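The following pair of complexes shares a single chain, subunit A, combined with subunit B in the former and subunit C in the latter.
This part shows the complex of A and B:
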């Protein structure tokens, strides 16, 4: 069969990769260049080293708090996704398959609702949330749990579709396994990649979220970066770069964990 | 590997009903399986055979009736406590575990010690001829090998009953026959009560002690393979078990006149009048004189040949005969009947 039309030649592949890579690298390189600017015509590491200078501790405290808050929110959001969405999806797939379409519909709704509209609806809800859980930053994860639903649902669903979870769970049950064993020892290992992908997406969404936090008067990475950018655009750029680097590192690490081959022999 | 219960477990279905919204999958099924017996549930799609097996496994809750294991009602016993070994139609090995870990799974659930677990799993794998494949994963095995591992996994816990839900249907013909024979060998060796669901009549007749033919949620007839084949109690059974020709004729005095030939009826009490006789292809033969027919097609089937012919009135029928005769298409032949009793179509 003619190769033309099936896959591009190696040169074309590298060309496409190069052009896309360049387009993506350009703003990052520009950010790095900007963060290194000193006196006109000179480059310096002062802006980078200044972040950790004890003298600037007060100046950047809010920024570090924002970073910490976003990381905490990412962790709680990932926990919400894995502890609530995954068991719900498994339960629906095994016991209430007719509800699958409804679950999918409900999970995809947030993608059609702009964040600002979501906040309008969430504001009175957070009045109640604050009374029950207090106004601590982590409560924002309830809202983030909703915003990441569409992405997390698709990632987990793709993993579930790749294995016959109904037959696997029936086989495990017939061999004497209880529901918890079925879930943790049979199903979770087989949808692990989907769960990891959902976690990565959730983390990325949380680290990049601005609207909800800003309108609900909470402080996270993005609101802090905006605030500091008014007084110190260099540091704002550095933190934006670090956030990108963190997301990239997370992607690589979790991707590698997900790709680990199953054990070759039993213990 | 030896059976802990060499006499097997008695299984009884008593008026078992399973009602789905708008559909009755089981309609008062009564079935008694003796300890160590191999019973096949045979029937077309949707007849309720899989529902019956799943009800015994505990994967379906029955609406009415009783399912007894050695006289005890298991209705309230959950799947994981019923002590059944099950092999599924689709491949059901846990993909993230090795073959050995898969086989050990049931033992692990029963908290069997590591050393004993390993020994018993290895024995079970030896039994199905896969002793050297313990460290492989499911995706590294063929379909037949995967089903063998599933069989070892189902048997290693020494269950009360072995349930086979069309385990051969995804396999190619040769592997299918091999595994079918192997299942029977192992079943006899262990003396385990076995319920085998299939829609393939040849498979059911080949391995089972008794075959239950199901239709619309009921057992139409249950009996030894020979009984079902030679003395079907209904046209449905005659038609489903084996290939039957449908020949119109006239019933009179316990016999049916088919193209001038009188054939005895399996159920002679039938009132006189027009009817359709179900005649097996092997009960029709070529003869020097008899009913004239024209050869339509002829197929070589290895040990025998099957030829389709058309009678003068257009009725088509199949004739099963030896390979030494190879009639030419379009040739005029004459047919005779062996005189074996025939069933009538409903």
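This part shows the complex of A and C:
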């Protein structure tokens, strides 16, 4: 077979994918197996059904609190992204194109400043924050808004690059629309896929966040799962599996959103 | 371009303040504080004492161990990830194989942290599925020389588990950018497959490959959760040193040691990201 193409033979392709795929599947299979372990040599669903058993309510209360906290943090972080980052990006694109590079630079800084470094400086900042807003869990979203900045910026930027928002807003303005109308009725509908993608990524990152919560002594999904793993490793493993499944579902949603985008915008 | 009929410039500038204030308060101030505290002692006087603390054997060792851990997992992860990208050449971009692998990679690249520690305890912990199976079937004890899972060598496999998917995500665009026409041109001139890869494929992909490798390195270097959940004793890598410094306030009798460690980490990260963006702009020449 004398092929011109650069693609691998079918045998090579499936050998590579098969071997690496099998190795990658092993830890997940091990987690499923572990969560089903009962008495030595026996398998049971007890650990799964036990989660919702009212008898265990006290035992797992902290765990569900952690889940609740993480969901709340995800909502507030998504709000920060959509109500603060997106309007700023639009404003810069329309009125201050020269600041575009600066905005991009700032939004990508958190890639270089890892959470473990940021948290060193966040500790004193949160000392002040809790004096102003109290020490309730949602304030942690201010820090999470920073950690999701690079992902959110890229998602929204990709959507903004796909439409000519300057021309769109000028057209709307010349037809007599006010700035608020331009923003909510002209621009947002055009970039809402980017906003949705940014929100989904922000949610995924917040649900997986451990470093900042742990070192600022806050309780979220990850810290409470680590805590319960010391007394009940089975439930911790089950929650890890569920989180994995949830993240996969979110990513599939992003994939669908991304796949639909070009067809819609060309019609 | 910027001149508009209405909406004064002053008002527009005012619109930038909420985001600017937010970024200053929660990004600039923490970063400056994190790095700045490393230069001061407990009484607020300028000192180099913390920075010299970076040269203490235990701290130096944690940097060295983190560097080889990051380097090893970045190289192995980059090779395995690039192999996956190569095996996907010629498949349909919107086919189930590509979309499935890219969604799975997206999840697994994020699947760092605490959860990953559980997965590997379930697999190769002392009671783990694989450990017990190897023991029963081959009478082979992976922990014959001691339990290494809860020390630095134990981090290699978990780290690879998020490095490989990250490589797939970052390197796939470059791999798909290889144009079939180049292969045709090479074949027309009598080049074999090996000639194509040696003369065209590898040189074109080299900057992207190295760039992705650096990104993987930075990713392992700044990772915290998996190590925090897995490593039970001591602080063998830098992020765990930071934890120790934050919790106990004084490490090695120095206050503000966390700040000095932060400076050390940032220096490495800045070098990595500078090199990454240089390689990236070189790689983009071929991506048009």
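Just so we're on the same page, the second predicted complex is superposed on the first by the 223 of 267 C-alpha atoms of A that agree within 3 Å, B and C clash if a C-alpha of one lies under 4 Å from a C-alpha of the other, contacts with A are read in each partner's own complex, and residues count from 1 in each chain.
We adopt the following convention: contacts are C-beta pairs under 8 Å (C-beta built on N, C-alpha and C of every residue); 3 or more make two chains touch, one makes a residue touch a chain.
Predicted model only: the values in this text are computed from it and were never measured.
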Touching partner for A:190 - first (subunit B), second (subunit C), both, neither: first
Contacts of A:79 with subunit B and subunit C, given as first, second, both or neither: neither
Touching partner for A:242 - first (subunit B), second (subunit C), both, neither: neither
Contacts of A:164 with subunit B and subunit C, given as first, second, both or neither: first
Touching partner for A:71 - first (subunit B), second (subunit C), both, neither: neither
Subunit B versus subunit C as contact partner of A:227, first or second or both or neither: neither
Touching partner for A:173 - first (subunit B), second (subunit C), both, neither: both
Between subunit B and subunit C, more extensive residue contact with subunit A: C
Partner chain(s) touched by A:215 [first = subunit B, second = subunit C, both, neither]: second
Doubly contacted residues of subunit A, that is, touched by subunit B and again by subunit C: 173
Interface residues, subunit A side, partner subunit C - complex: 3-8, 12-14, 16-17, 20, 24, 26-31, 33-34, 80, 84-85, 87-88, 91-92, 94-97, 99, 106, 109-125, 142-143, 145-146, 149, 166, 173, 179, 204-205, 208, 210-211, 214-215, 222, 225-226, 229, 233, 236-237, 240, 243-244, 247-248, 251-252, 254-255, 259
Complex contacts: residues of subunit C adjacent to subunit A: 1-2, 4-7, 9, 12, 15-16, 18-19, 22-23, 25-27, 29-35, 37, 80, 83-84, 86-91, 94, 99, 102-104, 106-108, 110-116, 118-123, 128-130, 161, 164-165, 178, 180, 183-184, 187, 193, 196-197, 201, 218, 221-222, 224-225, 228-229, 239, 242-243, 246, 258-259, 261-262, 265-266, 269-270, 273
Partner subunit A, residues of subunit B touching it in the complex: 57, 59, 78-86, 88, 90-92, 94-98, 100-101, 104-106, 109-110, 135, 137, 150, 153-154, 157, 163
Touch list for subunit A against partner subunit B, complex: 163-164, 167-168, 170-178, 181, 186, 189-190, 262-266
